[in-house]
Structure formats: structure tokens, C-alpha cells
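Here the chain labels run A, B, C and D in written order, and each chain numbers its own residues starting at 1.
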Amino acid sequence: MTRYELPAMVVEHQRRGANLYELILHAPPIAQSATPGQFVMLRPMRTHAPLWRRPYSILRANPDKGVFSVLYSVQSAFTELLSLKPIGSMIQTLGPLGSYFQPVRSARRHILVAGGVGAPPLCFFAARLVPTLQAGEQMVILEGARRDDLLVGLDEFRALGAEIRIATDDGSRGYKGFVTDLLAEALNEPIESAVYACGPNRMLQVVARLCAAGGVPCQVSLDAPMPCGIGVCLGCAVKVKTPDGGIWYRRACVEGPVFWAEEVVWE
Amino acid sequence: MTPDLRVNLGRLQLRNPVMVAAGTFGYGLEYRDLIDLAQLGAIVTKSLTLTPRMGNPPPRVVETPAGMLNAIGLQNDGVEAFLRETLSRLRELGTPVIASVAGETLEEYVGVAVQLSRAEGVAAIELNLSCPNQARGGLEFGTDPDLTMQAVAAVRRATHLPLIAKLSPQVSDIVPIACAAVQAGADILCLTNTILGVAVDAHTRQFRLASKSGGLSGPAIKPIAQYHLWRVRQALPETPLIGVGGISSADDAIEFILLGAHAVQIGTANYVQPTLALEVGQGIEAYLRANGFDSVDAIRGVVY
Amino acid sequence: MTPDLRVNLGRLQLRNPVMVAAGTFGYGLEYRDLIDLAQLGAIVTKSLTLTPRMGNPPPRVVETPAGMLNAIGLQNDGVEAFLRETLSRLRELGTPVIASVAGETLEEYVGVAVQLSRAEGVAAIELNLSCPNQARGGLEFGTDPDLTMQAVAAVRRATHLPLIAKLSPQVSDIVPIACAAVQAGADILCLTNTILGVAVDAHTRQFRLASKSGGLSGPAIKPIAQYHLWRVRQALPETPLIGVGGISSADDAIEFILLGAHAVQIGTANYVQPTLALEVGQGIEAYLRANGFDSVDAIRGVVY
Amino acid sequence: MTRYELPAMVVEHQRRGANLYELILHAPPIAQSATPGQFVMLRPMRTHAPLWRRPYSILRANPDKGVFSVLYSVQSAFTELLSLKPIGSMIQTLGPLGSYFQPVRSARRHILVAGGVGAPPLCFFAARLVPTLQAGEQMVILEGARRDDLLVGLDEFRALGAEIRIATDDGSRGYKGFVTDLLAEALNEPIESAVYACGPNRMLQVVARLCAAGGVPCQVSLDAPMPCGIGVCLGCAVKVKTPDGGIWYRRACVEGPVFWAEEVVWE
């Protein structure tokens, strides 16, 4: 697995919703090798505060044009700075990093569960999965957010012609309640499924529990603070069961962010 | 004329003064694809303990203004695994490997040091004195002159290798501690390690680290680390010093050298810019050249 | 329901927990045109000495990552000029005035405190223990339990006013110092003051402060100040505490309260945002309301 | 003297030279009360590093339109951030602050000495001075910089029809040498002069010495680190002679930045 550390040029920077931006970066080696679920570490400026780079999942990659993009919401100083980067400016970029979603080829139905800003890696995964689907193999998107306007990536999913089921906490769109309720329902349907999920860790824990109960293979992309993104600081530890039945810490940035849900020790 | 970047820290001789700090560069090999490790002055390993340590539960790190807190809990595979699996690969780089030693008892420090001394390819031992002493209710060795003296003396008896004592900044006056370390046989002093801090999440009303408190590092602490280094330099003009704390540019490193450091270590900033250690080396060279100095030695300690 | 922002620090009762820190708000009056001083919990004056002090030569301040170093050198017009020219105007605001007292000898501390105690309109005395003790070679009072005890006891005998001891963070373990201050009669502890640091200019090869070293303040030190406050809170659950160090938002202040502070002080951040102290007060109120708490007391010390 | 703390809107933000930008801000109360030599404290974003606001001299002010502008060079993180502020965005602003240049009405010639980025307050001063000049009263600009492309404010001075004499360290334009050499020469000319200077403190010290030697009234605008800008931190201390013959510190942000050169204790 090769990683690249390079200055990437901003080729497009668009508002994609309330507080939501898509950033398209020119970085051919990253665009060519990125796999869905992987992320990049970005550094818009040399600042002491914010100090760390931040990880962003790859939303889509176009190997031919040598570009990839990320989707982010402006939350605090870092993303504010990021949002100020004009087209033509450079952003120091490291990637692609981490593990990726692996299509479970035995499944008849692929259920992608996205919570809020967790959607981008699943958009990328869906885009790469759809062309490989065999007859009788389906894909379903379950997406949840607090409110209608916080739903992310719907355009991307729709462009793939995917079936989308939506949940919002306040009922402003789709089912009123948690996206995990939609998952519970879907898992009741009698079809062999595999689940791929990204969102807040609390959501993923419920997803993992539902899948474990149903014996459904499940991959989750975990959120963790990531000072380095390349495996040296051990800051992004995730507690896992080791093959020999023990407990140890794995790095969300190298062995993750995508883990098999059954490996993870949820606490 | 190319300035001479070599520095002599007594028996430890380096081709340039820029090392990477313990615990911030993995075992070193993790960076192989991103930078040319052969150009580093030295690599300090993450701190090694006698037996493997799982480390602390997450969250283990949190960003703070111009810094970060860490409570990794010395996660490492233990000194034996290091000697078996990592050292020989590190040795091939040709870059001096300094092994950092951690312990919660004198016996543990000594045990690790003995094993390292028997191995081929360890250039020096760095004693991490910021470890909590089990016998003294968790008081850090490096905050007490007696404990410092005991730990350094014990390891000194156990190894022939150059011995670096890495001091804690968590003190009112670092001079007595530094003197104790040197008296007990430390060849070199490294200052400083992290400072204790906490961070709270106002919204969840919880500590941001599972272990509650952690060590503060990064640019935020540079003035503090430089203060301690400067004071030790005045008190112990003959002892080689390594400066560490908040370095994120060549200028930062030069400042430590001007205050009296023979060499510097880069910690937290490696995360943000994996190539930084090499750039700092180049930056020091460019600085010497631009200002007409022929060596690192020529600028050491000129600010006092 | 409007949450109750009043806080009782023993005999010192404030309408809200947000004060401005010593030396960062002038004598208070300088901000009159920019904010409504009557809405502050209290104003702490710059530290007063027995006779006027000219202060240190410039440069006296330098910016550091997320912080600053200062070596103002206690420039002030002396306690007499304060009582004569400033206090009566401050008193008109109706906001409690806490007078900060500095000294290099016990006699100086006592001399200033005596004069302040005779005046009308001083709500409390805050003892700045980060002053160098002349008799002990410049060791800061606040880094030694005995010196702390002596200074607090001496001032305690000299005044009937509520007495706040402001501690130094420049220590390995603040608990013995905090205990000494309380034993000697401090009613309230304020933590913490600045941490010693230096800054160097690589290009001119000089210290950036004329006095070489200075005190580090600002967001950079927040984790350190919070660490000390948290530890003192565990050791002395009955003593009212004031948290100070790096507060630059309502959340920062709330964090200190969650860790056990009765009140907070805002220092360096006043410079950057003169209206901050009022916004912090409003932010605390909004936080209590949003989370269903009816008073500041309800959240104090819940993170431990 | 009234000061205003307010968010000012960026109405124009133009490149004015290599690394040099002019920022025009809408802030009527400041534009209306600003006097040449005064400055504002700017805060482009709420960052922890850079921590302090920075002082910028007012380059020009249009009370009718309620706008004023500053000219700055990008040097480090703060000015980099400042340069990213788009038109329409807000910058927290405090001002007008400090003392100002006072025309010496007895002088027949007003010599304005500008060093590098010291030019802006003198541009403002010149603009207000020219309309008040009596017959037989002249104004001369002496401007110095390291190189041709680092000369600041020439367009402004030229627009006033002022006589301009230029010095560059490398001789890339005008006299090769220091602007203080030009001043020494000008002071040799037999005409009653007054000097107003802004630039690096080293330059101002020489200016002060030359003026003292010639008995020429001289005002200098000093540079000092300014954490607060409003007189509370005592960080910007300048050593001065007090009227009673003593020595004390004055604040560059309140009693300065413009001082009578003879007051200042140069060291």
C-alpha cells in the first residue's frame, strides 16, 4: 500500500448544502490508488492552532483526470480555514490512507448505512460497487441525519439509481427516528445481506449489534482522533479482539478506519 | 564552503543535530516510504518496557491550542520484541538508533537497559524519567532529585552505552534535577518531556482523555522547554544537551541550539509534517551558510 | 426560568462568576468605553506594590504559539496612588474590586495589604505569590510551601478582608502549596498564574524579551491550569477556587467550573476581545439554560 | 477620544504590489474620526495562533463613504490569514487608536520620511496636509526601502503632486543607500523644516539624531509589540523623558505611536 505526501491543487471548491462543501483536489497518484473507505490527511495552512491535520474520507476519485474530492461540513477553526482555500491554491495532502470497504460477494443485498457526515466513503463505495453487481444482487442506502438539510451525499446515491431510505431525528424527511430503526427493519426482510456503515460511533455500535444478532457480515468505518494518520502516534487506538481470543489496540488510521464489526470491542 | 553539521555529544557522535523524539516516530520504520531515514541525525525509538504493554483506553489524544495532550500509556511490544523484530531492520538504515527506556521501578529500567546493552546497534540509551514511580505513589522520577539520581545511577551501572537522561519540565527549578542526573552518571541531558494537563468537554461534561490527564506537547510548550534548557545550560556548561519541545521549523531548532543545545528532537510536529526533520536539517545548514558560520558548534549557546 | 449566576466564595459574593484577571485589565477604567463594567463579576486590579514601579525595559511581551510571554515587571503607580486616584472611581461602578498585592518581601506584602484594608471599597485581596522572594535568591513564593505559608500568614494577620492566594503553576505538585495557603488562612485559592518561559529570535540571536524570561499565558496553558485546579479541587473540596489560564470562550470557563472552580478570571483574551468577559457570562447563562441547570453551583465539580 | 470596537465589512481587497495588499473596510465611525498617524487593531479570524490582533496604520479614510483602508505586506501567518478575507466578509476592528501627526505650522517645509511599510500613515498625513499648505509652504517625501519593489505608497504620494526622493539599499531605484542620507542632505538645505517619520525603529533613531543636531522639530511613529492596543497590558512600553526630567515608560498604543523624537530615550 503506497502513500503519497504532496501539495495538491484545489481545482474546484463548491458549496454543496448548508455549511457543506465539496473540495476537488488534483493529486494523480492519490486519485489513482484510492479505494472506497480510505481517507486523506489535509493541511490547508501551516497553522499552530489548529495543530493537527484532519482526516477526510474520499468521496469520489477520477483516476483519468487525476482528481479526487472530499465533502466536509464547516464546524470549527480547521474547517473554516479549509473553506477559505481558493481555486488554484495548494493543500498539503497525505494519502490514500487506511483500510477500505470490501464487497461481500456472497451477499444478495448490500446495505449501506450512512449517518450524517459519514456518507462520503459510502458514496465512493457505492459508485465502485454498482458496476460490479451481478443479476439478483441489490444495493440499498439507509441514510440518517438530525434534520433534512443535514443529509449528505443524496445526489451521489441518486445518480447511481440506488434505492434510498431516509430517516431524520425530527421527521423533517422520511422516517422519523434513527437510521438504525430502518436497518432493523431491512434485516428482517428475508434476503442474505451484508452491511457497510459509517457515521457516529454510537450509531455504529447499534449497527454492529443488529448485524451480530442477525449473523450479517458488517463493516464499520470508525471515527477516532488522528494526530498522524500513518500509524506512528498510537493515538487513534480502537479496542479489538485478536485472533487468539485476546484484547489489544489497533490503529484506526492503519488497520482501520474500516473494521469488521465483530472484531471491535464496543464500550 | 559547506557548514559542518556534525555534532559530538561526548561519545555520541551524530552527522547532524536533528533527531526524532521518543514516541512520535513509531519505531522509525513506519516513515520509511515518506522520508529518507538515512538523513536523520538519529532515531529515538518509542519508550520500551520490560514486557509488552497494551496502553491506555481511548480517547488517548486530544488537540489543545497549539498543542496536544497524550495518554498513550507506553503501548509497546516490549524490549524483547524490539530486539528480535525491529532493531536489525533499523540498523540497516545506518542511522544511529537511540533506545528510549521506560519503567515504573528501578528494576524495570535496569532490566530493559541490560537487554539493550547486550544487543548490537544501539547507539545510546535515553532514560524516560517522566514515568510514574510505583513505589512513591506515582510521583514521576524526573520531578525529584533523589529519584532521578537513583534511576540514573542504577542504569549507569547496568550499561556501557552513552546514557541520556530525559528530564521532566514539571518542576519549579530544573537545575537540581539536572545536576543529580549528571552526578549519577548521565552523559547527556535531554529536555524536556511533556507537561501534565487535562482537557474537558463542556458538552458531554467528561474528560477528553479516558485517563483524564495526559502530557502536553507541541508548539504551545516551546517557551517552557527552552526556559529549562537555557537554565540547565547556565548551570552545567560542560554537559551536552538535547533540546525538545514544540519544534516545528528550522528556526525553532536553531533557537534551542542558540540557547545551548547540541542537538534537537522533533516530536509532535512529525505528525503534521512527516518530512519536517529533514527540512530542519536543511534549514540549519542554510542558516549557518547565510550567516557565515562554519559549524553548528559556532552558534551553540550564544544566547545566554 | 433564568439560571442563577450568583456565586458565593465564602465571604466574597459575586453576581456572576466571571472576573478579569490581574494585570490584564489595567485598573479597570481603561475599558469603560468598550464594555459595561457593571456587568462583570469582579475586577481584579493590576498588582499593587508599596512604591511606584517603573517596570522592565522593552520589549516586554512576545507572542508565542497560542500564548504570549510577558515581563512587564509589575509597572504600577503604587498602592497610595491607587487609593488616592483610582479606587473611588472604580467603586462608583458598583462592581466588586479585588486588589492584587505584590511584593518581594513579607513586609512589602503586608504593607500593601494594610493600606488596602483601611480603604473603603476593596472587596477582597488577591495575593500574587508568583513574585520573586528577595531573601531567597528570587525563588517565587508560590513554588515553595513554606514561603507560601509565611506570605499568606503574614497578610492574613494584616487584613480582615477575604484573602485570595493566587498560586503559581511552576510546581511538580501543587497540592502541598495549596494546603499551606489554606492552612495559613487563605479563604480562596486562585489558580493559576503564568509559567516561566523564554523566546529567542533566531535572526538577531537575542532573547525576544529584554528581561530574557517571562510568564507564559493564553490558550496554550489552559490544559496546565485546568490540571492544577482539578487536583486542588480533589484535595481541598471545601475551599472556593478561582480558575484562570487560557480562557477565551464561554466553553473554556465552563470547563473550569465543571472541574470545580467557583469563579473564573479572564486574562490574555481581554486583549484580543475586550468584550469577552461579558460574552462569557452570557455564554454560561445560555449553557445552564440549554442543559436545564438552575445555577452555576449545579455544574460545579461534576467532572472529577 | 472615542474608540469603536466593531465588525467591519471588507468592501475591497486589492493586490498593490509584490506581497502588498490594500484592504478597504466599511466602518463609518472609524472612517469619520481617524486622524493621520492613528491605527486600528484587526482580527481577521478567531484563531488561537496567531493570538494577538495586529495594529495597522490607516492609509486613507473617506468619512463620506464611511470607509478607510490599510496597506499591509504578507509576512507570516497573521497577514496570510488577512489576505484570504474575501470581499463581503467581516473583520473585527478596534479604532481609531493612538496619537497622531501634528502639522508644525511654523515650518516652511514638511519632510515626510518613510521607511518600507512605514509609508501608510504618512500617505494619510500627506493627504490631509496638502490642502492646508499656505503659499511658500512645501512638502517633500523621502522614501526608502531595501529594493525598488518594496517601496510603498508611491502612487498615493504622487497623486498629491508631492516631490518624492527615493533611496534603495541596493540602488535598484533612486539613490543607493539609506533614506536617512537623503534626510541629512535635505536638512542641509537652508529652509525651516519639520520632520514626520515612520519606519523601522533603527531608521527613526537616526532621523531623531539628525533632527536633534539640526534643531528640527521631529515626530516619529514607533513600532512596538501591541497585545491590546488600548493601554491595559503595558506591553508596548517606550522609554521617555518626563517633563520633570525623569525617565518613565509610555505606551506606544495610547501616548504613541507618534511621539516627539526628543521625548524618546533611544537605546
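Observations on the model:
As a working rule, contacts are C-beta pairs under 8 Å (C-beta built on N, C-alpha and C of every residue); 3 or more make two chains touch, one makes a residue touch a chain.
Note that this is a predicted model, so its numbers are computed, not measured.
Common neighbours of subunit C and subunit D under the contact rule above are A, B. Using mean Cα coordinates as chain centres, the one most removed from subunit B is D.
Between the CA-based centres of subunit B and subunit D the separation comes to 46 Å, rounded to the whole angstrom. Mean C-alpha position of subunit A lies 36 Å from that of subunit B.
Centre-to-centre spacing of subunit A and subunit C amounts to 46 Å, using the average Cα coordinate of each chain.
Between the CA-based centres of subunit B and subunit C the separation comes to 34 Å, rounded to the whole angstrom. For subunit C, residues touching at least two other chains, in rising order: 65-67, 218-220. Contacts with at least two other chains are made by residues 48-49 of subunit D. If each chain is drawn as a node and touching chains are joined, the picture has every node linked to every other. Residues of subunit C touching subunit B in their complex: 64-67, 69, 139-140, 143-144, 168, 170-173, 195-200, 202, 205-207, 212-213, 216, 218-224, 226-227, 230, 246, 251, 254-255, 258-259, 287, 299, 302-303. On subunit D, the positions that touch subunit A within their shared complex are 45-49, 77, 80-81, 84, 86.
Interface of subunit D with subunit C (complex): residues 2-3, 5, 43, 48-53, 92, 94, 224-225, 227-239, 247-249, 267. Every residue of subunit A that touches subunit C in the complex is listed here, in rising order: 48-49. By the touch criterion given at the top, residues 23-26, 30-31, 33-34, 54-55, 57-63, 65-68, 70, 72, 75, 218-220, 248, 268, 270-275 of subunit B touch subunit A in their complex.
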